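Encoded as structure tokens, the structure appears first; notes follow it.
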Amino acid sequence: MSSNNVKRSSDAVTAGGHGDISLLPELEAFRDPKSKAARASYDDADIYRDEKSFNEHTLAPMFTTSRAYFVFVIALGIVIANGFAWFVAQTFLGMGQTNMHEPLFWGAYIATFVFWVGMSHSGTIVSSILRLSQANWRRPILRAAEAMTAFSLLVAGMFPLVHVGRLWRVYYMFPLPNQRELWPNFKSPLMWDMMAIGIYLTGSMTFLFIGLLPDLAVARDKAIRENNWRRHYLSFLSLGWRGSHREWSVYNKASMFLAVAILCIAPSVHTIVSWDFAMTMTPGWHTTIFGPYFVVGAIYSGIAAVITLMISLRWIFKLDDVIRTLHIDCLAKLLIVIAIIWTYFYFCEFNVVWYSQKPEEWGIWEWQAERFGSFLWIMVGGSVLSIFLMSWRKIRTNMVAMFFITLLVNVGMFIERYLIVVPILSHRDSAYMWTDYVPSVTELSIIVGSFAYFVLLYALFLKLFPIVTMADVKEGVIVSGDVKLGRHAVRMQVKE
Amino acid sequence: MVKFGSLSTTAKVVLGFIGTAIATFLVLFYIFYEGPFYLVAHQPTQPINYSHKVHADDNKIPCQYCHTFARRSEMSGVPGAARCMNCHESVKQEAPEIKKVIAHYENNKPIEWVKVFDLPDHVWFSHKKHIAKDVSCQTCHGPIEKMDVVSRTNDFQMGFCLDCHQENEAPTDCWTCHT
Amino acid sequence: MDRRSFLKFGALAASSGVMGACGQATQKVIPFVIPPEDGANPVDGYHYATTCRECEAGCGVVVRTVNGRAKKIEGNSVHPISNGRACVKAQAAVQRVYHSERLTDPMVNKNGKFEKISWNDAIGMLVEKLKIANGKTFFLNNGANDALAGVVDSIFGEKGGNFIASNHDFGHESLIAGGSSLFDFPKIQLADMSNADFTILLGADMNESGVSPVYQAYTFGQSRRGRPSKRGRFVYCGSRLSPTAASADKWLPVPPGQLGLLALSIAQVVVDTVIQRELAPSVGRDTLMGWRQALNSFTPEKTYKKIEVKADYIRRMAAPFVDEAPALMVAGDGVVGFTNGTSSTEAIEFVNMLSAEIGREKTKLSQAKTLQSNPTLKAALQANFGLAPEKQSFRRLKILTDGMVGNEYKVGIISHTNPVFDTPKSLKFKEALANVPFKVSFSCFMDETTVECNLVLPDNHWLESWSAQLPNFRPGVPILNLVQPTVVPFLNTKQAGDVLLEAAAKAGIAVPAKNLESFIGTVIEKNRAYLKDVPTALDTKESWNHMLQSGGWWPNYNIGGQAETPKPASLSAVSKNLIIEDPSFDGDDSYQFYLHPYKTAHMGRGNGANQAWMHEAPDPVTTLMWQFWIEVNPVMASTIGVVEGDIVKVASPYGSITGPVFPFAGLRPDVIAVPVGYGHTKYGELANNVGSNAMNLLGITIDKTSGALAFRSQKVSITKDKGSVMMMRNAHPRGEYKGEIFQL
Amino acid sequence: MNNHYTVLGLYKKMETTVNATPQIREAFNLKDGEIEVLTSAAYPDEILIEDKTLMYQVNKRQFLFPFLLGIVGLAIGILLAGGTGWIMNLDVGGKPPFALPPTGIITYEFTLLFAVIGSVISLLIYGGLPNWTERAYDPDITDGSLGILIKVNSNEEQNKAADMMANLGAYKVKKGKNDF
Amino acid sequence: MKSFNYKKHNDYKWAMTVDLDRCDGCGACVVACQAENNIPSLGVEQTQEGRNMLWLRIERYIEGSYPDVKVRFLPMMCQHCDTAPCESVCPVYATYQNNEGLNVQVYNRCVGTRFCGNNCPYSVRYFNWYDPDFEGKEKNQLNPDVSLREKGIMEKCTFCMQRIRRGKDNAADEGREVHDGDIKPACVQTCPTGALEFGNINDHHSRVSKLAHSGRAISLFEEKGTHPSVKYLKGGTADVF
């Protein structure tokens, strides 16, 4: 396809007429009567004018701040401060502030930790898979997803610190040369875990930053033009990005490479997290399926969280034209696939134990069903129900429905993590030591604080960095054009 | 045409501050980690102004004459007043410090010495074992026979013990010292 | 700031940490002025042999002390009772010495408030009161046969209206009385089960309320697995599956009070078999036929209705008593807790002796082994270190109480016993005590009785004391236990014996010695010639040290001793006594359940209740910690409509208690089991308000023969009460071990 | 170092830009590294500069850094997981001092970590980043304008080029010195 | 099948046997352990939360229903497994297998991840949820040979390691090997029924070795392959009738 074909024509919009199926997602927004302004700007063939307004439009969440935002941030701050206060109390008084007890040594903290690590799998996996497969609809949503990865990892990384008994000795776990000539034990899954999470955090932060580079330049230019205070860090962080051809070529290659690398790291991370459990000889944990099951569960909860987040962003920042129903629709389709795989794995795990009726393992299921029966139904039922509901396009494109469905999925996935940790540890080999557990106020406060912390990080990110992957959207617009097929002009995408 | 490096003073200060903080933390962490600062001069005032120099150096009294337990026990055994009186029943009875000792002896009231060389609770140390291997007192206690007032000369960090143990092929199994 | 907390700050705020680096907390080294002569390893500590006084079994223990502080108590491996073992109470004794609630100074009660006074004032006050009382003094101890009791006996005696009584473990009188009708030794017959192949434990809860838990458990272990290729079998009969019953091979739930009948039923089978097989025991055929006649009404078939044990079982149980395998019957609380306790004990001992008579191999049974001890020594020790057994019955305590009500006493001296708490409420000891104008308490802790006293004199803990003690049972050899101080007393306390001797001397009463230590020394020196195995070449001090080093004196029968079987004084005369009356119970038909109060190993009669270790160590059967409970059979629980943790109310004509219910399958449905020792009100922070006191329910039912309190003769009713509590159990209610490990 | 002069012409339309680049290149005989196109988004290769020889060639060595650092990471992983296990020769659960599976896991993670770091380093080095100095640029570029930036050796050529760019449809032409 | 490099025949290999036929559940060992090893008592509040700090606990199982009911006692302490699952999961080597077969817990190295506790099938590891509470006079009872554990540290039965060390020292001073019975952990020393035995299992003449090789000896959760140093001798019930 030569470059001559790549030209914009003013009848691109009207030439559509493909019913509801859109081959050109970018244009869908402009057919949406709600965003007249956007349509007007794209109706004009002048790239410069509509790209400017596009910039303005997508940077608006970053540069304009309402009073409600400050109220929201302060409210989050209070919740976080509360959690932090309990954490400090726990550190100074002792882990007894939690409700954990022998032999239930891991409780809600680790469940939440696994949950957050799982959440982190949305961003990078979605981002890198879609990037590598060059799915066109990925373009506007990558940033939001990647940021989610980074922040949920930050939150997840906090939990081991909250969890350990001697926070002030945590550096024993770092491989630092020392006069004691002691080293950490790399045979411990916890060391793998620590390394994997650290590396994944580094990787996904890098990935996020590299993806941000061109958009930082956009924001920088705007900030400099408007003499906004953000120009200080933006010009620093954008590294002097000019958008030269050389920069773009190197950048494209690097981000592809990063996508591959992250795609290699991400599943390994959650596999290793699952090995924290599966490597032990505790019945109920010691199964081979845990690795893939955790990875799929992570992607499952991650994608659901991405959808929840997208819908919130779209609603709060009026980004309907950027994050369109199409994206939710596509993500929901992906979610269905993952949900089916997850349910399948869950069924596999259950079925094997159910059939063999091996007492120590089946005992756990009975124990679970007895004590956490309703939880179990929310989790499994939620998953099956969501698959069922999302099969309808009407529901997939109904933002309110999708919001609640994905929320339900994540509540279910949180329960799943809780059920992996708590019932199994409360039903150990040593029957004398069976036990019951309910998280304490300290644990709940810290966990609630962690959610607030995540939202706060996200909220701050929104105000400091562009949330829409602008360069990617622009690239999508550039490399697409109308091709005449029969009597219809069809929007096509240039692919290398 | 356009200068990108428009780092304002504020930004520079903030960045500098963060950098300095990280650097400081690293340095402090290193210090804390390597622990040389444990070697705080610890030279407490003792109830009796006893001089190791006078006894051990000038008069060449062997260490284990007073610290009798050292070769057969984990503790070196700080001598009781009765041990002092072995000699001081005939020597220097009139000196003011000796009078204090005599008072303790006669009232059967123990002398409350202040501990100078102290190991943490989680370390188990046996004098007996080390003396059996001919480790000199000075290896750990420094030139104690030259001291008028005893001060701590060693931080007793694990590295110190470990170096010597490795050098002499003593056991370095954790439970050798940690119970 | 110590090193650890410093490091903690270091990690959180490194900069402030460095500022705060001020080295380590000052530690002091305090050497002995004159080091102990033996020059032993000072960190390993000094090991002193002494005798445990937590109960009166008289186990020899070795105390490890470091820097003048007792750290650990172990059994004395050369001691014939403890054999190097120790029970839970001995292990926890160190916690009592250093208990934060120990009485520190003499105190005087001024209208309910205690004020500290000096020892001079306190002793002065005591002297003054003793002078005024001029004989109308009573002394009450915990049943200890020790030097203090001996001193008191010689100071006060039974002259001029003085009265001496003891509040010791319920039922021991019956054990003594039942045994002494067969043996010429007024002590509890405690069987050495070491060589027994088959043992029937009749309500003998050796691990919780045994006469000597350590000795009995030791012999139990020896019987079970101590001998090559022989395994002792055990059957437990009783109304509750106690931990001891759990370690037996079989539990037979027998209705309360029928254990003597069971023994007689077995005796019937034994005698019958002996006659049938024409075995020729030394007793002669006539006597045998006489027994057969007397036992005629006790055939297993006839007794089935009462004892609810299948005739077949009884025959099988009786078989080992005839066959060559050494077999034994051991009586315990389940026998003596009823009005027929003494006769039941007699019946049990009768079977034992009968079995020993007829069995050819029975001499191997060391149950009857004892050493000939010099009668002079025996008498001297009895007189000086202890009270005569007849002074130690519950009946006497009742007489004392009645006397107090009748204003017969001017001064009361109470030593280490807490009758206000651990005797039945219906005895009204507290109310009676109010009639005594001046009461002195020697105690280590404030308790329910001590707060009623006018003068509180803190006693040394036994780890700080001198004493001599005679065990309350006969373990096969004569034993004199010595108690020596192992801890340097660190509180302003004085030993009760010394104080009493000093006060008595000042009050113009003749005293045997200046202080307790010299009293013991004098007695021992007088009888030194009779103490076997103490080398005669040694001088007084050396022999004294020699005895202290081993913790007392006992002949070493393994080396030079000659075993002697005690004479079955009146085995043939027993036949006329072979009758067991039905137990009588207190309470009319509206009270349908038998109350089964029992001691736990940890709480004892209540003095363990102020120790954290005792609360924290889970009860063996319920695994409850820090908690009181009422045991009911699960079937009965569902009849009443309660589940575990629901509060129930147990009522008798004398009072009622409430507590959470613990359904326990090892309990007869017509029995309600309640642990004693809970429900303190003035015994310190840990003990107070934990549960209810089972003594509130008991009436005064006395075994007429021995004068013992028939403490399981109470009938009660049970009703559901409001509310429920969380049960702090160590075991999960549903935990099951699915292994074959417990099956041989 | 010789002084050089830069000219930045800003175009609104892609077609004009595509037309302008070959003409400017030929007029000033620009070689590789003397002409550059500034855009707000990644244009596919060959669209804006059709002559492949002038196009920035992706340096094959851009993959060298990830590769080399990946090997470094591999070594570090083996040293950390295997080496420290060898030093701390403690029997833990009967596992050998040098255990292959954990070493494999740690090595895998470290290899990827260093590869990621390597790719970032190569991005910075080959992309000429970061560069916070004064450079030829206009904020309009991020708003969608296309910029043709050339480097010439003299003031005259600079003026000439500026005129030429304006003639070729640039709505704005900026001149600069030493800021290519 | 022993772990691969330690515990040769000429070394000590400490082991314990628990005779279930002898155990009567009295609990003397439990308190002896608390007294010897400076184990704090947790108090009512912590017990309510389900915590306990009994390095040695006596597990009680009830089987059957009235009147054929059995109550079983199973003393449970750290099994000092040869291939201990707790060891390999510790990220800082705070627990390891020493060359005498002991599963050593190094308190001052412990970070408190509690992973070891999760991987112990016997659930015999305990955690210091709070700082131990030894106030005032109670400090007098603390054993100077055993360090106090601060909050955030895992701990467990050590086979009274301090006694083993002292026993070996004393033997070394006298220039001999440790005799059978020289070293007794607190629980073994106190056990009234003699249910517990301790000694060097590599010495074939030791009591513990004989018992451990008797037909009754089994390991708990043998199928887990942990190779415990504590052997249980089957028993508790035999048919009487």
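The chains carry the letters A, B, C, D and E, assigned in the order they are written, with residues numbered from 1 in each.
Operating definition for what follows: contacts are C-beta pairs under 8 Å (C-beta built on N, C-alpha and C of every residue); 3 or more make two chains touch, one makes a residue touch a chain.
Note that the structure is predicted; figures quoted are calculated from it, not measured.
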| item | value |
| --- | --- |
| From subunit B, the most remote chain by mean C-alpha position | D |
| Chain whose mean Cα position lies farthest from subunit A | C |
| Chain pair with more C-beta contacts, A-E versus D-E | A-E |
| Most centrally placed chain, judged by C-alpha centres | E |
| Length of the line joining the C-alpha centres of subunit C and subunit D, rounded to whole Å | 90 |
| Distance from the mean Cα position of subunit D to that of subunit B, given in whole angstrom | 60 |
| Whole-Å gap separating subunit C and subunit E, where each centre is the average of the chain's CA atoms | 30 |
| Centre-to-centre distance between subunit C and subunit B (centres being mean Cα positions), rounded to whole Å | 51 |
| Junction residues of subunit A, two or more chains touched | 167, 169-171, 181-185, 187, 191, 220, 224, 235-236, 240, 431-433, 435 |
| Of all residues in subunit C, the ones touching two or more other chains | 4, 10, 43-44, 730-731, 735-737 |
| Junction residues of subunit B - those touching two or more other chains | 4-5, 7, 29, 72, 120, 174 |
| Complex contacts: residues of subunit C adjacent to subunit A | 7-8, 10-12, 730-732, 734-738 |
| Interface residues, subunit E side, partner subunit C - complex | 19-28, 30-32, 34-36, 41-44, 47-48, 52-54, 57-67, 69-74, 135-145, 150, 166, 186, 189-195, 216, 218, 220, 232-241 |
| Residue numbers on subunit E that touch subunit D, as the complex places them | 3-6, 81-90, 93, 95-99 |
| Of subunit A, residues touching subunit C in the complex | 91, 167-171, 359, 431-435 |
| Contact set on subunit C toward subunit E in their complex | 4, 43-44, 66, 69-75, 84-88, 90-92, 94-95, 97-100, 102, 206-208, 213-214, 217-218, 220-222, 224-226, 231, 233-235, 241, 243-247, 249-253, 312-313, 316, 490, 601-602, 612-618, 620-621, 623, 625-626, 633-635, 664-669, 726, 728, 730-731, 735-737, 739-744 |
